[in-house]
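In the two complexes that follow, chain A is the common piece, with chain B as its partner first and chain C second.
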Partner chain A sequence: MTFLGRLAFNLIAWALVLVIAFPLAWMVVTALKPQSELFRRPPGFLPEAPTLDHFRRLLEETPFATYFGNSVILATATTAVVIALATLGAYSLVRFRYRGRESLAFLVLFTYLLPSVVLILPLYLMMVRLGLANTLASLVIAYTTFALPYALWLLRSFMAGVPEDLESAALVDGASRLGAFRDVILPQLVPGIISTALFTFILSWNEYLYALVLVNSDAARPLTTGVMSMLISAFNIEWSLLMAASVMMSLPLIVVFAFLQGYLTRGFGAGAVKG
Partner chain B sequence: MAMTRIERRYAWLGLALIGPTVLVFCAVIVFPLVAAIYLSLFRIYTPTLEGAWVGLGNYAELLARGEFWQALRTTLIWTAGTLTLQMLFGIAMALVLHQSLWFRSLARSLVLFPYFVSTVVAVLVWRWLFNDLYGILNHVIMVAGVSDMPLDWLGTMPNAMVSVILVGAWKYFPFVVIAVLARLQTIPEALYEAARIDGAGPVARFFDITLPQLRDVLVVVVMLRAIWDFKEFDLIFLLTGGGPVTATQTLPLVVYKEAFSMNQMGMAAAHAVAMMAVMLVFMIVYIRRTRGGQGA
Partner chain C sequence: MAGVELHRLRKEFGAFVALEGLDLRVEEGEFVALLGPSGCGKTTTLRMLAGLEFPTAGEIRIGGRVVNDLPPARRDVAMVFQSYALYPHMTVAQNIAYPLKKRGVPRAERAAAVARVAELLQLTPLLDRRPRQLSGGQQQRVALGRALVRDPQVFLLDEPLSNLDAKLRAHMRAELIELHHRLGRTMIYVTHDQLEAMTMSDRIAVLSAGRLMQFDTPGAIYDRPANRFVAGFIGTPAMNLIEGRIAAGRFTGQGLDLPLAPGLPEGPAVLGVRPEHVTIGEGAQRGRVRVVEPTGHETIVIAELPGGALVTARAPARARPAIGEVLPLGLDPDGLHLFAADEEGARIDPAR
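On to the complex of A and B.
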C-alpha cells in the first residue's frame, strides 16, 4: 500500500474506533465538568475547569460507598466459590473417565444459554422461604447460576491445554492423583485460573436482574441497582454525579484493561465471551 | 472392557471431584428450572405466595392474550435488528483491526470496552447522550441541520425501538469482533497469495476466501448472539422500561412485569416457559438448517 493509502485507511479506521469509544469518553469528561459547563451551548469536549467535586459528593453525600463495598464483597465471594468448585470440576471433567461425563459437559453448555428471567422466579421463592431475601448471600447463590457454568466451561478448556504427560510422569513417580493435581497441574493452571477469575468477577460485578429482584434494602444493594435507584429517586437528575458513579463503577474494568491485558486475551482464546 | 481396580478408584475420585459442582447445579439450576415449569401450572399471588392449581389455564390465557403475541413480535424485531447490526459492524471492525493499524492494540481495547462495561453504565451514558435538552446527540443533529427540533429518542415510536437496537448493537458487537478476529488470524496467508496471482481483487478475495473460511465461526456466533439478544433484559428494561407504553416490551420484560408488578407469579412462569419453548424451536430449526447447508 502507498503511504497515502495507509494514511487514509488509518484515518478512517481510527475515526470509527473513536466513534465507538465516544460514549465512554463523554462519560469521563462529563464526570469532570462542573455543573455549569454541562448546560453550555455549544458544549465543549474537554472540561474548562475540571473538578473532582462530583466524586467527593458521591462518596460523602450518597450511599455510593456502601454499594461499592457490597459489590466488592459480592463479586469476590462469588468468584472465590465458583473458582474453587469449577477448578475441581474441570479437573474431573477433563482427566477422569466415568459414565455421564459427556452429558454433564453438555448440560453445562445448555445452562450457559438459559435465560435468567426463567430461573429468577423459583430462586426468588427459594430465597424468601430460606429467609435469605435482602442479603448478599442470596445474591452469591443466585450468581452461581451463571458464573459456575461459565467458569467451568472456561477452566475445562484451560485444563485441556495442560499436557497430560506431566500428570502421567508424576503418577509414575509415585504421586497420588490429588498429589499430582496439587503439585503438577495446579501450577500450570494458574494463569487460566486468574483469567477465569477476572472474567467471573466482571460478570458478577455487572449483574443487574438478580440484584433487582432479590435485594430491596440499601444495606445489601450492589452498585448496579444502587446507582439506578439514585437515578430514579433523584428529584432532578444530576448527570455529572451519575457519570462520576459510572466511572467509579467501571474502575475494576479499567484496571483489568490497563494492567491485565494478557489474561484477558488468554481468556478470549478459551471462549471467555458471554452476553 | 472390565475396569481394573485402579481405574475404578479413579472413576470414584472423578465423581467426588465433580460432586460439589453437580450438587450446586441441581440446587440453583436444575431444581429452579423444574420448579419454573411446575409454577406455571398455578395461579400464585406474589406477595403472599399463595397458590391454586390451574393446570394449563395460564397457558390458555397467555395464548389468547394479545400481549404475549405483541411481545413476541417485539422480541423478534429487536433480536433481528440488533443481531444484524452486530454482525455487520462486528465483521467489518474485525477486518479493520486485522490490518496493520497504528496503535492497533489500543484500538482493540477501545473497541472491546463497551462489551465488558456494565449494562447499567452503558444505559446511563446513553440516556445522557439521548437527553432531550442537553444531550450531545440532539445538539449534533441540530447543528448538522438534520432536524431543527430535538429528537425524542426513547419516548416515541419508532425512535425508541431504533435507539434500543442501536445501543444493543454498540454494546454487543465486540463479541463478534473477538470471535471473528481470532478466526481471521488462522486463515493461511497462502490462500490469499494464490487468489492474488489469479488476479482476484480485495472484494473478490473477501467473498471467495475470507467469508467461506469464517462460515463455521459465524454460524456459532449468530446462534449465541441470537439467544443472548432474545433473552436480553437489562438493556431494554433500563433504557425504555418497555415503553413508550408497551412498544419495546420484549418477552423477558413481560415475565418480570407479570411476576413483580402484576404479582402473578404463575402467569410469569408460564410466559418464561413459553419463551424458552420459542427459543428452543428456533435453535433446533437453526441447527438443522446450518448443518444441512454444510455439504453444499
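On to the complex of A and C.
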C-alpha cells in the first residue's frame, strides 16, 4: 500500500471509531456534568465542574443497587442454566445417533424464529400458574427459552470440532461415558463454553421486553426496566441520572469483554476449531 | 494375556452391511493384521473388539470370556488410534498415566509406571510437554505408551503408522516388531498397507467388503492366494490376472497358450501370474513392450499380449527393451495360479 493509501485507510478507520465511540463518550461526559451544565447552549464537551453526585444519588436515593443485584443474579443464573443444558444437549446432538437428531436440531432453531411478543402472554400465564409471577426465577426461565436454542447451536459447532477419537480413547482407557465427557471433552470445549456464556450473559443483561411484562415489583426488577421506570416518566427524563445509570450498566460488560475478548471473537469462528 | 475369538460377527449400519459374519481366531500372543482396502470392515471389527461399536449379531470372546455387552472399560484392551487421540490439555506424562488413573492406581505407582514406559519408548525428556509440542513420531510413541502402560490382555492398533512419513514409518515398524517380540502380547493391527501386514504379522486376515477373504501366514497368502481378490491385492506390482479358459489341459486366452498341470476342471478361468514369474526376452509366448520403468534394482516392463491384455514383468536392473518392440515372453509354470471366472474367483487347484 502506498503512503497515501495507508493515510486514507487510517483516516477512514479513525473517523468510524469516532462516530461509533462518540455516543459512549457523550454518555460518560454527561454523567459527570452537574445539572446546571446539562442544557447549556452552546453545549460544552468536557464538564467544567465534574461531579460524581449523580452516581451517589443513584446509589443512595434510588433502588438502583437492588436492580443491579437483580440483573447480576438474573444474568448469572440464566447463563449457568443455559450453559449446563446446552453443553449436554450439544453433546447429545453431536455424539449420539438417534432418529430425528438433525430435525431436532432444526426444530430448536425454529423456536428461536418465533417473535418473542407471541410468547409473552402464554409465558406470563404459565408463570402465574406456577406461582412464579413477579420473581427472578420466572425471568430466568423466560430468558432460557430464547438463549438456549442459540447457545445449543453455538456449542454444537464447537462440539463437532472435538475429535470423536478423543472420547473413544478415554473410553478404552477405562473412563465411563460421563468420565470421558468430564476428563476429555469438557476441557476441549472451554473456549466454546466461555464465548457461549458471554453471549448468553449479554443477552440476559440487556433483555427488556420479558422483564417489562413478567415482573412488576421493584424487588425482582432488573436494571433495564428498573432504570426506565425509575427515571423516565411521562413528564420528565432525569438525564444526568439516566446517563450515570447507563455508565454503571455498561461497565460490567466492558470489563468482562476486555478480559475475554479473545474467546468472544473465537465464538464467531466456531466450527473452524482445530482438534 | 489372552486370545481373541470372533464368531459369526456381523455389523450393520442401517441398510449398509459393514461386516457379514466374520469368523476369526487369534491365538494368545499372536500378532495378527487385519488387511484390506478402505471400507472393508477392518476398522469396524477393531472398534467392536474395543467396545466402541456393538455387533448386530455374533459373538466376541477375549480370553474365553464373551465381551459382547461389556463397555470398553471392562474389556481390558488397549487401543492405539490412527489419529493418536492424545488428550491435548494433558502433558505427555498425564496422557500416559490416564488409563492407570481411571483404574484407581495410586499416584506413586502411576509415576513409576509412566517412568518405566517413558524409558522403554525414549520419551523421558518429553514427559512435561503437551502433545502439540511434539513431532508426529513422538506423538505416535506417546499413543503407544498410553497403551503399554497398563499391560492389557490385547493390544488393538488402528493404522498407527499411516500418519508418519515413509522413513519414520519403516523405523516405527521395526520398533513395533521388536516390541511385540519383547512383550509377547496378543496384538491386532489394522492396516491397508500390505507391506506393514506382510512384514509385521504372524498371520494376516485379508478382508474385502465385510468378508474374510483369507486368514493365513504372510508366506501362504503370497504363495497361495485363496481367491482372485487376495491375488490382486497382495504384492507390488500386482499379480497379473488374465481371463481365458481351460480346455484339454491347456490355458488359452488373450493370445496365450499354456500347458497346465493335469486334473484341472475345464471351462472359463482366470490365470494369475506374479511379475517375478514373467520373463521378457525368452519364452514361448509373445508380447509388445508398452512401458519400461527402471527402479534401480530392477526394471518393471509392461507388455501387451496379442489379445490386448497387459502383463507386468520384473526384468533385471539393466534390461532396456525398446518400446513397441515385440519380444518373446515366458511364464514360469511353477508360478501359475488359476481362479474361477465367477464373481467369487476362488482358487482352482488340480484334483489329486
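By our rule, the second predicted complex is superposed on the first by the 266 of 275 C-alpha atoms of A that agree within 3 Å, B and C clash if a C-alpha of one lies under 4 Å from a C-alpha of the other, contacts with A are read in each partner's own complex, and residues count from 1 in each chain.
The criterion applied here is as follows: a contact is a pair of C-beta atoms (placed from the backbone, for glycine too) under 8 Å apart; a residue touches a chain by one contact, two chains touch by 3 or more.
Owing to the predicted nature of the structure, the values given are computational and were not obtained by experimental measurement.
In the superposition on chain A, contact is made by A:169 with chain C only, not with chain B. In the overlay built on the shared chain, the residue A:66 is in contact with neither chain B nor chain C. By the document's definition of touching, of the two partners only chain C reaches A:179; chain B does not. By the document's definition of touching, neither partner reaches A:134: not chain B, not chain C. When the two complexes are superposed, the chain touching more residues of chain A, out of chain B and chain C, is B.
When the two complexes are overlaid on their common chain A, residue A:228 makes contact with chain B while staying clear of chain C.
After overlaying the two complexes on the shared chain, residue contacts for A:16 are found with chain B alone; chain C is out of touch. When both complexes are overlaid on chain A, the residue A:187 reaches chain C alone and has no touch with chain B. Within chain A, the residues touching chain B in one complex and chain C in the other are 275. By the touch criterion given at the top, residues 9-10, 13-14, 16-18, 20-21, 23-24, 26-27, 30, 38-39, 41-43, 85-86, 88-89, 91-93, 95-98, 101, 104, 107, 111, 113-126, 128, 141-142, 144-145, 148-149, 152, 177-178, 202, 205-206, 208-209, 213, 223-224, 227-228, 231, 239, 242-243, 245-246, 249-250, 253, 256-257, 261, 268-269, 273-275 of chain A touch chain B in their complex.
Every residue of chain A that touches chain C in the complex is listed here, in rising order: 163, 165-166, 168-176, 179, 183-184, 187-188, 275.
Residues of chain C that touch chain A in their complex: 47, 50-52, 71-73, 77-79, 81-83, 85-89, 98-99, 102-103, 146, 156. Against chain A, the residues of chain B that register as touching in their complex are 7, 10-11, 13-15, 17-18, 20-22, 24-25, 28-29, 31-33, 35-36, 39, 49, 93, 96-97, 99, 101-102, 105, 107, 109-122, 124-126, 128-129, 131, 134, 136, 139, 143, 170, 172, 175, 178-179, 182, 224-225, 227-229, 231-234, 238, 252, 255-256, 259-260, 265, 268-269, 272-273, 275-276, 279.
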